[in-house]
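Next up is a structure, given as structure tokens.
Order of writing sets the labels: A, B, C, D, E and F. Residues in every chain begin at 1.
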Amino acid sequence: MATVKLVQYNEASPPARAVLDDILQTRQVSDVNNFWKALANAPATLQNVWSQVKTVMQPGALDALTKELVYIAVSAANGCEYCVHSHTAAARAKGMTPEQHAELLAVIALASQTNALANSLQVPVDPAFQADTSA
Amino acid sequence: MATVKLVQYNEASPPARAVLDDILQTRQVSDVNNFWKALANAPATLQNVWSQVKTVMQPGALDALTKELVYIAVSAANGCEYCVHSHTAAARAKGMTPEQHAELLAVIALASQTNALANSLQVPVDPAFQADTSA
Amino acid sequence: MATVKLVQYNEASPPARAVLDDILQTRQVSDVNNFWKALANAPATLQNVWSQVKTVMQPGALDALTKELVYIAVSAANGCEYCVHSHTAAARAKGMTPEQHAELLAVIALASQTNALANSLQVPVDPAFQADTSA
Amino acid sequence: MATVKLVQYNEASPPARAVLDDILQTRQVSDVNNFWKALANAPATLQNVWSQVKTVMQPGALDALTKELVYIAVSAANGCEYCVHSHTAAARAKGMTPEQHAELLAVIALASQTNALANSLQVPVDPAFQADTSA
Amino acid sequence: MATVKLVQYNEASPPARAVLDDILQTRQVSDVNNFWKALANAPATLQNVWSQVKTVMQPGALDALTKELVYIAVSAANGCEYCVHSHTAAARAKGMTPEQHAELLAVIALASQTNALANSLQVPVDPAFQADTSA
Amino acid sequence: MATVKLVQYNEASPPARAVLDDILQTRQVSDVNNFWKALANAPATLQNVWSQVKTVMQPGALDALTKELVYIAVSAANGCEYCVHSHTAAARAKGMTPEQHAELLAVIALASQTNALANSLQVPVDPAFQADTSA
């Protein structure tokens, strides 16, 4: 259950409905996911987040699938059940193969392990890493 | 400062030194990073982590740069200062451009934002996401 | 399901029951929430946490609703499903309006986003912030 | 040190400089904080984040100080050193008293404690919390 | 629901089945837990994780129960529902008493509280702690 | 630097000084750590936290060293630099050997890895784990 009512299309306020219309049209779907129905209680945030999703997740210097893989990784690290599910589905829709998924999981697992070790050991940052920002 | 002594090469125990030798040779460097010097206090974990790094981070179904981008994302989400630095440097060494870095940051920021919203709203997972695992 | 038995009132040990009695009386309710039933397995912690809740959450230099909003924010950041639910309900009981909830969500989302960016960029703290503690 | 160069005003690209100009003018300051100098490497995100800060943090259904308190709480939970510093300074600039700061810390501490307990106990959400979303 | 299919024994690929066989034999059980069925989609990671579990969790300088208590603590801090459940069950199987569980919870709660306070206050590390690594 | 002034003994308010006196006497030291000097700005929380430390960390069903190991693990998972340092020092003072520290790190690393995998895979909790709470 959500902490707010899931707002259906015909219950949405005009500003929320305008965003929902854009999601439906952009994605060519007949209904939006629960995330957007929950966010429809906060139309300004709904508008803001959807606008970012449209801009940020489109292919650019990084392709669309790579962006979804990064999204899954962040969501897993933050323990967001909904986001892990929705972006794993999105990655598959954008062509993620089982082999790619398996390698993604291996990197997430390795990074989480070394993050915990570096935090436990409080390893000081090597001076050599600093030079990378000087160019 | 670290919570352990940073073990220099000539101070390392034989099992730790064997791993350090492999790092030096594999990476063709004259010294290892602080992370490995700290881990040298725990030779079994040093061996285990290095073995995983060699296997997991090599190109496969995902290329090496994509893996570094995922690594940065997980490290940022986990708040690991050392890992963010070392893997940002590694990504640059593998060709990450400023434009790719900027887009990576945008995805990390967006994912963190929607993770927080989904957790605040406790959005129920859409049944449609479930079908993705049935194939 | 919980990792422990939910202790009902008539099953509680005397020290746990004394705390449950105080919760029932203070809140003027006929039953306690699941959190307290789970904690009743650890009477010393039950006593300690309830004592803090009574003291910390009462109005002081901050009003009771502001405290609940902060509680929701921490709980969302920590990914605690139970706490997000219970303190969203508590905030509503203390008068949180839908407009306030929507603005709370926007701040949580923005903070999570800039937290991730600052962690990804490892931005050094400005010296100017230090002066604030000197007075 | 940062993972990117801190971009000074006269080094900024035109789109980044336009945002920096708006920050300088809106805040009536002679220089921007390091966070914005780091973000200036990613002009689209700089524009996006600053736009959100201007909109989200202004007084509305919640006053400006309450929003800063929530921001501190999220930043502490996410372990963001920079953000804890910058928003503690911002809260003081908006009138946070030492007594309010002390109470904020107490709520953050209590919430973190019960978050950990609820996660350790995996307490099931009470059905009663659900009714709150039906109105 | 999982983001992948739970692979049953007779559906597993040969390399995954070899690991499942080792789990079944080592633990003397007739079926493996869901975690391993999910990981069977990624045989290399399945092999890697199981190998670590067998090595790391066996008694050594720390006894097996202490290791499970640490495992529960990390899992609670990371908000991993599955891991909290599976390792609480494992700790009980290795003799954890209700009194030990209650004290474990108290330490987890206290640590989470002081972690949040130290992060909120950004307390500088005492120089005295450094001497500990010099021996 | 801290977000608050570190309160020295002779600057402390009477209620804070009473707690500092108890710390000095209980630990038989000539000065308190920075954590307590920072908390002295919030005397009620100082009193509350110190009271819990004295009660929770004393030997009981779990010995004092085991409690410190759990404390380190939680602090590493939460990314608390100060707490990792102070409790690693405390564990050494209570007899933690380098071998025990190395095994602790290995468990923290393994748990962090499987936490990330279980969160990425959203593995459903096995029904068998539920029976553990029925006794």
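General observations
By our rule, a contact is a pair of C-beta atoms (placed from the backbone, for glycine too) under 8 Å apart; a residue touches a chain by one contact, two chains touch by 3 or more.
These figures come from a predicted structure and were not determined experimentally.
The chains in contact with subunit A and with subunit B alike are C, D, E, F. Among the remaining chains, the Cα-based centre furthest from that of subunit B is the centre of C. Set against the Cα centre of subunit E, the chain with the most distant centre is D.
Centroids built from CA atoms put subunit F at 26 Å from subunit B.
The distance from the centre of subunit D to the centre of subunit E, each centre being the mean of the chain's C-alpha atoms, comes to 33 Å. Rounded to a whole number, the gap between the C-alpha centres of subunit B and subunit E is 20 angstrom. Each of residues 1-4, 44-45, 48-49, 52, 74, 76-81, 84-85, 88, 102, 104-106, 108-117, 119-122, 125, 129, 132 in subunit B touches at least two other chains. Across the complex, subunit A is touched by residues 72, 76-77, 79, 81, 84-85, 104-105, 108-117, 119-122 of subunit F. Only residues 1-5, 44, 48, 52, 55, 125, 129-130, 132-135 of subunit E touch subunit B when the two sit together in their complex. Interface residues of subunit F, counted against subunit B in their complex, comprise 79, 84-85, 88, 98, 101-102, 105-106, 109, 116. Within the complex, the subunit A residues that touch subunit C are 1, 3-4, 41-45, 48-49, 74, 78-80.
Contact residues on subunit D toward subunit C in their complex (touch as defined above): 1-4, 6, 33-35, 38-39, 45, 49, 52-53, 56-57, 60-62, 66-67, 69-71, 73-83, 85-89, 92, 97, 99-100, 102-104, 106-108, 110-126, 128-129, 132.
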